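Read from first to last, the chains carry the letters A, B, C and D; within each, the first residue is number 1.
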Amino acid sequence: MVIAGPCAVESYEQTLTVARAVQKAGADALRGGAYKPRTSPHDFQGIGPEGLHILRAASDETGLPVVTEVMDTRLVAQVAEFADMLQVGSRNMQNYPLLAEVGRAHKPVLLKRGMAAGLCEWLGSAEYIAQQGNLNIVLCERGIKAFPSGEYSRYVLDLNVIPAVRSLSFLPVIVDPSHSTGVASMVEPASRAALEFGSQGLIIEVAEEAERGCDAAQAIDAQTLARIVKFARAHSTAAEVHEAAARA
Amino acid sequence: MVIAGPCAVESYEQTLTVARAVQKAGADALRGGAYKPRTSPHDFQGIGPEGLHILRAASDETGLPVVTEVMDTRLVAQVAEFADMLQVGSRNMQNYPLLAEVGRAHKPVLLKRGMAAGLCEWLGSAEYIAQQGNLNIVLCERGIKAFPSGEYSRYVLDLNVIPAVRSLSFLPVIVDPSHSTGVASMVEPASRAALEFGSQGLIIEVAEEAERGCDAAQAIDAQTLARIVKFARAHSTAAEVHEAAARA
Amino acid sequence: MVIAGPCAVESYEQTLTVARAVQKAGADALRGGAYKPRTSPHDFQGIGPEGLHILRAASDETGLPVVTEVMDTRLVAQVAEFADMLQVGSRNMQNYPLLAEVGRAHKPVLLKRGMAAGLCEWLGSAEYIAQQGNLNIVLCERGIKAFPSGEYSRYVLDLNVIPAVRSLSFLPVIVDPSHSTGVASMVEPASRAALEFGSQGLIIEVAEEAERGCDAAQAIDAQTLARIVKFARAHSTAAEVHEAAARA
Amino acid sequence: MVIAGPCAVESYEQTLTVARAVQKAGADALRGGAYKPRTSPHDFQGIGPEGLHILRAASDETGLPVVTEVMDTRLVAQVAEFADMLQVGSRNMQNYPLLAEVGRAHKPVLLKRGMAAGLCEWLGSAEYIAQQGNLNIVLCERGIKAFPSGEYSRYVLDLNVIPAVRSLSFLPVIVDPSHSTGVASMVEPASRAALEFGSQGLIIEVAEEAERGCDAAQAIDAQTLARIVKFARAHSTAAEVHEAAARA
């Protein structure tokens, strides 16, 4: 499972252009933020409901299911109307009312790990969703805060957690190589590394033109995405052959 | 400003007993959780609305204003009806819709620092509250996640952030010595240290009997609280004399 | 470059058994500690000079060059007499007299990253070796201390640092998947991930029998090593083809 | 116990000037580096043996005992000839041959905590010194590496470790408010906080003129030192009275 798309939905043209590139690269789903959690209230907060309509239209046009973040309990129903999968971001990993509300929405959920979350805390948060009868949860490692954060990468990508999750939980776990590195040139090697370490998918930021967008420093272009998707497919096939051989 | 009280409101008797002890110890306000954010949904979540009524009654009985946590945007109005100050917990420091809603409630706000929050991220969160016209915000350091977390204390109390906050913001900043240490015997020395480092107040967990309650390991008894309040008063008077001398 | 061998040299038989397994698995060099840095002085400290003789004999027997740690400036000449590559461990990354002494020994050096070392600090330490005229330095990422250390893995493997090193320095950089995870079952996926992220080699702990040895929890068996070496060879060939194609 | 002095010994005049100021401020001992551990070999490394002579002369002149760092096992005897107390710096906390050598020198030892050292690792290092029959060890907390390092202070001062040390070990523990904050204006409040949290002493950088010296950003002037010493004396007396009252 490779999910890709722009950081934020900015316009129909921008979103459709990226969605078509994502589709052409062979990815499985489209990501994009209509509501953006930003450190400062003075930064761009996303275009809101209009962004949801644009995502839906881009999805209808390309056939790609849509993953988008919801931050407000009161907007879960609205977002669920347009999205195929609801994302709970790392800042909200322990926003328990939101987890419960998302659990009641009858949609698959992508639960990002908090920047300071231990494994038990992360699985505890998934349990808040599951408690509402929704077991369709995908976990996502997106980098943690540690002393090197900011020196050469934005966060520290913690791949050790991947096999640890898989040994404790039946929930699938994927990796976000864009936020966990914050550096566009690291996204491709981080993606391959994540898959080799047991990650069952990726969620990646792609930009129309790599030099713009709200998180431009980490967005990759469509060609790089295509190479990552190709690697993911080959890796997945190899893993299946390997498992079949192990069973035989 | 010393705020003290039980981890969670459990019953009227328990809350009133602690509230009276808090009042007798000389503290300024009563804390207590009606809604508790817990890592697992299977843990005690607080007694909810009933807890708010109990807090109000204990406040009326003792004259102590009440500080209590709100986690759900949809409950801000309800909690604000009973509380004198709304607490946003560390797990919700970047729950921006909650910050905005709390900012609109016309009540003082206690904003705890997230476990992985840098100073700019913390001040950015305060800005979400301030943007709604509410500048009555108190910041609260409550320990961060770092490698020693769990070896001898639950979190790492980061007092260096106190003068840093005070040099960047006009907002008052206090310290939670209970959660930042997680060890009852550390609460008194941590309180004194925090005040010496420039903290303008404290928020402390006190238990009826130190060995019980949901965060028993870190709750202190009323006598210890009384010593801390006495220290805080003397410290505050000394600081005023010092400042007056500096002005003269 | 795959370096493999026992945590500590315990006896000639043990070392030769492991060395033959390492050779058969196709690895390039033998590691093993004659002098072991241990948190407590009451723990096994290595067998010292006898261990160096054993390593040399195992090397002569198998043709594998030997990498071993030196911790004491006064023993650099002694260790250099027996070893083909001198290892400076993470605890000594900022032991500057040792770095200078090792730099004067006219032997390749493996410089492990300190558990709290930023990239600039690590490269600064390499500079102490280089200053003595020895540019034959290999850097080695071995996990850092961060809040998850101890919950599901011993350290946090920081692979983001690999491309960062490669963009700033001409020195080759490898990864230690044994210490950075501390979990035997993570060593193989961590090895593949490291190579995909740009690591130019691996240093791995292998045990005669996986359940014993001083760091038994993280030692892998010879079959697992053979799979890792095979992956490393295929990966290296693919990278060369890729680069040749890029040049053409 | 308040130890104070310049970061590095630069000249006889500079050292004597600072030593006299330290003496006048009422401190108990003089610190100063003849050998300086620096991240880059291209930075000033200290003036070496000449610095030891200068420290000794300043000590004879003022009556203040001298604490100075030793980094090289081969120089322990030399440094011990001039110094009254040997300092092992945080970079060398796990340099076990140095610890053993220092343990054999029959001089009191100041053992700084490593930047990534857990409590057990720190006490393990003290054990290497004690094993040589030298129990005259003072532990020193000097800040750890965690995600905020560099945003508003150089390290994170971890005061929670102070009562933890005191509950596990009979060794005295002091705090270095200069390196743990890296900010001159934080040194005085950090000193008071450390004493309130149970620290049994302080080691502080003082500069002839606050704006110069190798770690100028964190050096305080003599007047600030005098206030800190006064606070430390009053605090110590109060603690004795308190303990006497508790015994009566």
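We take it that contacts are C-beta pairs under 8 Å (C-beta built on N, C-alpha and C of every residue); 3 or more make two chains touch, one makes a residue touch a chain.
Predicted model only: the values in this text are computed from it and were never measured.
Colleague: Spell out the chains that contact subunit B while also contacting subunit D.
Modeller: Shared contacts of subunit B and subunit D: A, C.
Colleague: Regarding the subunit A and subunit B pair, does the interface count as same (over half of residue numbers shared) or different (under half shared)?
Modeller: same
Colleague: To lay subunit A over its twin subunit C by CA atoms, how big a turn is needed, in degrees to the nearest 5?
Modeller: Angle of rotation between the two copies: 180 degrees.
Colleague: Can you give the whole-Å distance between the Cα centres of subunit A and subunit B?
Modeller: Roughly 34 Å separates the two chain centres.
Colleague: CA centre of subunit A versus CA centre of subunit D: separation in Å?
Modeller: Computed from C-alpha means, the inter-chain centre distance equals 48 Å.
Colleague: Mind pulling the residue numbers of subunit C that touch at least two other chains?
Modeller: Correct list: 116, 120, 144-147.
Colleague: Determine the shape of the graph in which chains are vertices and touching pairs are edges (line, ring, star, complete, other).
Modeller: Chain contacts: complete, every pair touches.
Colleague: Give the list of subunit B residues in touch with subunit A in this complex.
Modeller: 37-42, 71-74, 91-92, 94-98, 114-116, 120-121, 124-125, 127-128, 131, 144-145
Colleague: Spell out the residues on subunit C that touch subunit B in their complex, using ranges where they run on.
Modeller: Residues 145-147, 149-150.
Colleague: In the complex formed with subunit D, which residues of subunit B make contact?
Modeller: It is residues 116, 118-120, 144, 146-148, 151-153, 156-164, 180-181, 183, 185-186, 189-190, 192-198 of subunit B that touch subunit D.
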